[in-house]
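Next up is a structure, given as structure tokens.
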Amino acid sequence: MIIKNVLATVALLTPVYALSAEFVLTDSATNTYVDHWKTSAQELGINTTTPFSIEKKRLNTGKQSGVDIITIDNGELELTLVPTRGMGIYQVRKEGKRILGWDSPVKEIVNPAFIDLESRNGLGWLDGFNEMLVRCGYEWTGHPGVDDNGQLLSLHGRVQNTPASLVKVEIDDEAPHTITVTGVVAESTFKKSNLSTETRLNIIPGENSFSINDTLTNKADYDDEYQIIYHSNFGKPILEKGAKVHSAASEISPFNDYAKGGLKSWQTYLGPTKDFDEMVFNLKPISDPEGNSLAVLHNKDANSGVSMRFKTDQLPVLTIWKNTDTLKQGYVTGIEPGTSYAYNTKYQRPLGLVPTIKAGEQKHFDLEYTVLTSAEDVSQAVDNVAKIMKKQKVQLKSEPLVDLSH
Amino acid sequence: MIIKNVLATVALLTPVYALSAEFVLTDSATNTYVDHWKTSAQELGINTTTPFSIEKKRLNTGKQSGVDIITIDNGELELTLVPTRGMGIYQVRKEGKRILGWDSPVKEIVNPAFIDLESRNGLGWLDGFNEMLVRCGYEWTGHPGVDDNGQLLSLHGRVQNTPASLVKVEIDDEAPHTITVTGVVAESTFKKSNLSTETRLNIIPGENSFSINDTLTNKADYDDEYQIIYHSNFGKPILEKGAKVHSAASEISPFNDYAKGGLKSWQTYLGPTKDFDEMVFNLKPISDPEGNSLAVLHNKDANSGVSMRFKTDQLPVLTIWKNTDTLKQGYVTGIEPGTSYAYNTKYQRPLGLVPTIKAGEQKHFDLEYTVLTSAEDVSQAVDNVAKIMKKQKVQLKSEPLVDLSH
Amino acid sequence: MIIKNVLATVALLTPVYALSAEFVLTDSATNTYVDHWKTSAQELGINTTTPFSIEKKRLNTGKQSGVDIITIDNGELELTLVPTRGMGIYQVRKEGKRILGWDSPVKEIVNPAFIDLESRNGLGWLDGFNEMLVRCGYEWTGHPGVDDNGQLLSLHGRVQNTPASLVKVEIDDEAPHTITVTGVVAESTFKKSNLSTETRLNIIPGENSFSINDTLTNKADYDDEYQIIYHSNFGKPILEKGAKVHSAASEISPFNDYAKGGLKSWQTYLGPTKDFDEMVFNLKPISDPEGNSLAVLHNKDANSGVSMRFKTDQLPVLTIWKNTDTLKQGYVTGIEPGTSYAYNTKYQRPLGLVPTIKAGEQKHFDLEYTVLTSAEDVSQAVDNVAKIMKKQKVQLKSEPLVDLSH
């Protein structure tokens, strides 16, 4: 099928028609840039039962000034991607309402230019934290602290506060017309790191799911450490009193002493709770024969939720972050597959959770998010977790993996 | 009276006609933004004896790149507001010349994106300091230093280096057609602070005064500390050798050992003086029965000056900062009502000068600045200070409130 | 000769016709700015044998967002200047290929808004390091470290990460129609520094050379320290295995213990070498009777290279930085005349290499870069070095000037 070229008047865009329509929205190598752009099934001459549209804008207000966002409406879900913030996913909406995401006290989509990651002893990242999907990496991740070499590692690394240098949108010209948004985010510091991540978001028109397929490349001639946490955050409407999380995992332990008190009830959530702050659990996920693990979060009535599929050979650990404090503080839970837990890097090396990426090597990270919209959806997702578990139970380990007292 | 809609061609603006004409220039919540905008009495169909105009621009040069400014000409005064720098007032001009403001070595109106507040051990704020009105707060204020919890508190807080997320202009449709510029500046850091300040500048066409009416809201569900200093800075033409300050106050003490030597002559100013550096005095202002205190600065001939009215229940202390060093270093004095003096926060807690704002609470700060343009104006303002003082004298305390030696 | 005004439709530009055509591209003092601008010999009505053109653009992608670049094509060389990065020279191209410059792992021309110079203990500068000419100064230069007063001096100072506040282009209306790009870069921090550098790049149409003529002014009323290194960086195609550097110098010493091993072979270069990292040498340049010293870098076949002329009374020391690590790490050498070597400032004061600039004083720095395009060019340049040396040899000193062990 040939998609007709309808972009003759948009000089900056480079549609390339091979097996897909490709639109380069940003490319630092060629200084290609489009300020405002939109396409749709109709405009592309694609005759689908589910019309879709993709729009790119630049924001201009307050701390949002200079932030690029891309909104993808696949007919069922409306995703907001943020190229300027490491290709993070701000939120997912359905039927005009947010279904995935949360209400952070940080209301703007903050341009990294306004963020000093090392401020507050490495907590500057908190000035911009409000997305549904935040990549925490790749040079390091975890809580801030001075590493063994004397360098402060700021909270959760730098990638989410790194603008993408290349952004393109592809629409497959064959049914089901998969939409792919690719963004390249480079962590390049002379003599320090040369990690480049090609992020890919794939979504099919009319479906209630989307996938992340990232490729991290060590472009240096030397091996390097890397760490990544896919910090996936969900608040209202899924999170509520009585909401529940299911995870195919062999064991769970408390992150610290405070979390010991919540270990037994790790699967269920409180409503917004004053003085709760945050409780964190470390899980060891297990997978099906294809290597996939599954985590499911659903509401109290078990008729709305989200499932996350990920590969345990790529992301061998899982953090569950229960931040069920009051609504205004940011009532939210994080379901966070990663190479690493949320401890500072220096604590994770002895645990074997700071892997190496060889010179020139590539690492792949594949995740699938599915919005569950009915009791049947939720029930089936929970069953899928049970299938992986094969009637085993998650073992509760009462002691944290790391002794943070010294 | 109905103001006719003259903005049909400016699609981004949202004029709302109720009791006033309202123009939203910036709103992060709705992604409303206007790059360049201007209105005037004539354009609004307002038939006044004093024509006024209001213009909004975005600057594009050097460190000013991306800075929004609003110029308000009320027929007597021309004020320059800087939404990108926390709604600060850059300067006030009269008859084509600056009357309020000063000549800083910092010449550009610096975009906070180029400032790292924690640089130079917390002195990064000095890279952008050149305004007539700088709000120093609200999460903390004062000299930089490591707080008891180990966090570096950078000089004078973050609000002046925070772009406003909402900016709107209102013109009352009833005489005297008060012009109000509202700017919301949010200090939002996940788990750290959620202080939002709605700043309001009010000015009536044809008058030589304007007021600031700010409302600080603690949007968090927990009580928080706050501090604010309204750092109001005046250089030429008011400040000169023999210029004088009057303040309704019960006592004054030197900030540090250096200021002891200038205590007795605290009211008078030197001309530009090599090696003077800065001398700081801490005052306890007193108020009239309505709760208003008054400070007046005037030139040697006592025929030009500025008065500042403020409420002692809102801003219980007053700092006078005499920076009468050479012209090129920034010959300037600060008249600075605040909740706090300029010491680091950890020194002010024992003084009871780090107040608490409860969850959801609002604090109001109301100041009025009047440009004094004649001997009569000055004389009357000085008399008003005397009336509050009721023949009492400011008590001189020879020792600083804080022992900075350890 | 009168150059006709061809810019009637470009309202922001201010062509002034006296002895030259002058175009102000950026001026913070007057808020003059032009987003995109181009001129050429043809457009100016200049009838030259070598047509030239000058173009100014703003970049909009990734970390380049908001970066202004100026491209000057003099018919022989195409230079890319970066006003937003302290008027640095990104690269020089000839016949469509880069001749001067190098391949850094940092691929974008990074807006300083995205750089935190104090990050990684003062190594934030490395996030943007990729230019052919980087000015390292002027408030300080050298490796990061805490100075005697307790302040962290970040790597190589702040000027390269300071956007120019004034940029103008002049084309002489008399033959040979010298093109001059002037950029003013202000390091202004209240109470800390008021150093302003007027950088000038001069190039004549049709020539294979260009000059830098910078004037540093201490605009403060107090004396100040200053330091500057003209960090000039060359990789492929000139740098290769067997490439050679010649420098008119009286002595050379290793920067540190590691460089001791390469002292004897300081003139020749290795090819890209794994684990080489960097080797640094400190030279004392000498000059001809006119005060000019000369350094020459050429390829193995001695038919391509670059020469740098500089004045030893302005720039009394020379650093040779051999970073002949692998291609992907940034295979590059720096030929770096300066007031100072690359040690942290506190080590250079005892060496007398942290000079003073008096209040109001100006310091000039004049350098000339010539692209050598034939064996004759190279041979003559090497001869010129020999003439200054008068048959003396560079004395090898085996010990570093600074003992870095404590």
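Per-chain numbering from 1; labels A, B and C assigned in written order.
We adopt the following convention: a residue touches a chain if its C-beta (ideal position, glycine included) is under 8 Å from a C-beta of that chain, and two chains touch if they have at least 3 such contacts.
It should be emphasised that the depicted structure is a prediction, and the values quoted were computed from it without experimental measurement.
Listed by label, the chains that touch chain A and also chain B are C. Of all residue numbers seen at the chain A-chain C contact, under half occur in both copies; the interface is built from largely non-matching residues.
Chain centres here are Cα averages; for chain A and chain C they lie 42 Å apart.
Annotation for chain A: residues 66, 113, 116, 118 touch two or more other chains.
Interface residues of chain A facing chain C in the complex, by the touch rule stated above, are 26-29, 31-33, 35, 66, 84, 112-113, 116-118, 150-152, 154, 162-166, 186, 188-192, 194, 219-222. Taken in their complex, chain A has these residues touching chain B: 57, 59-66, 104-108, 111, 113-114, 116, 118-121, 123, 126-127, 129-130, 274, 325-330.
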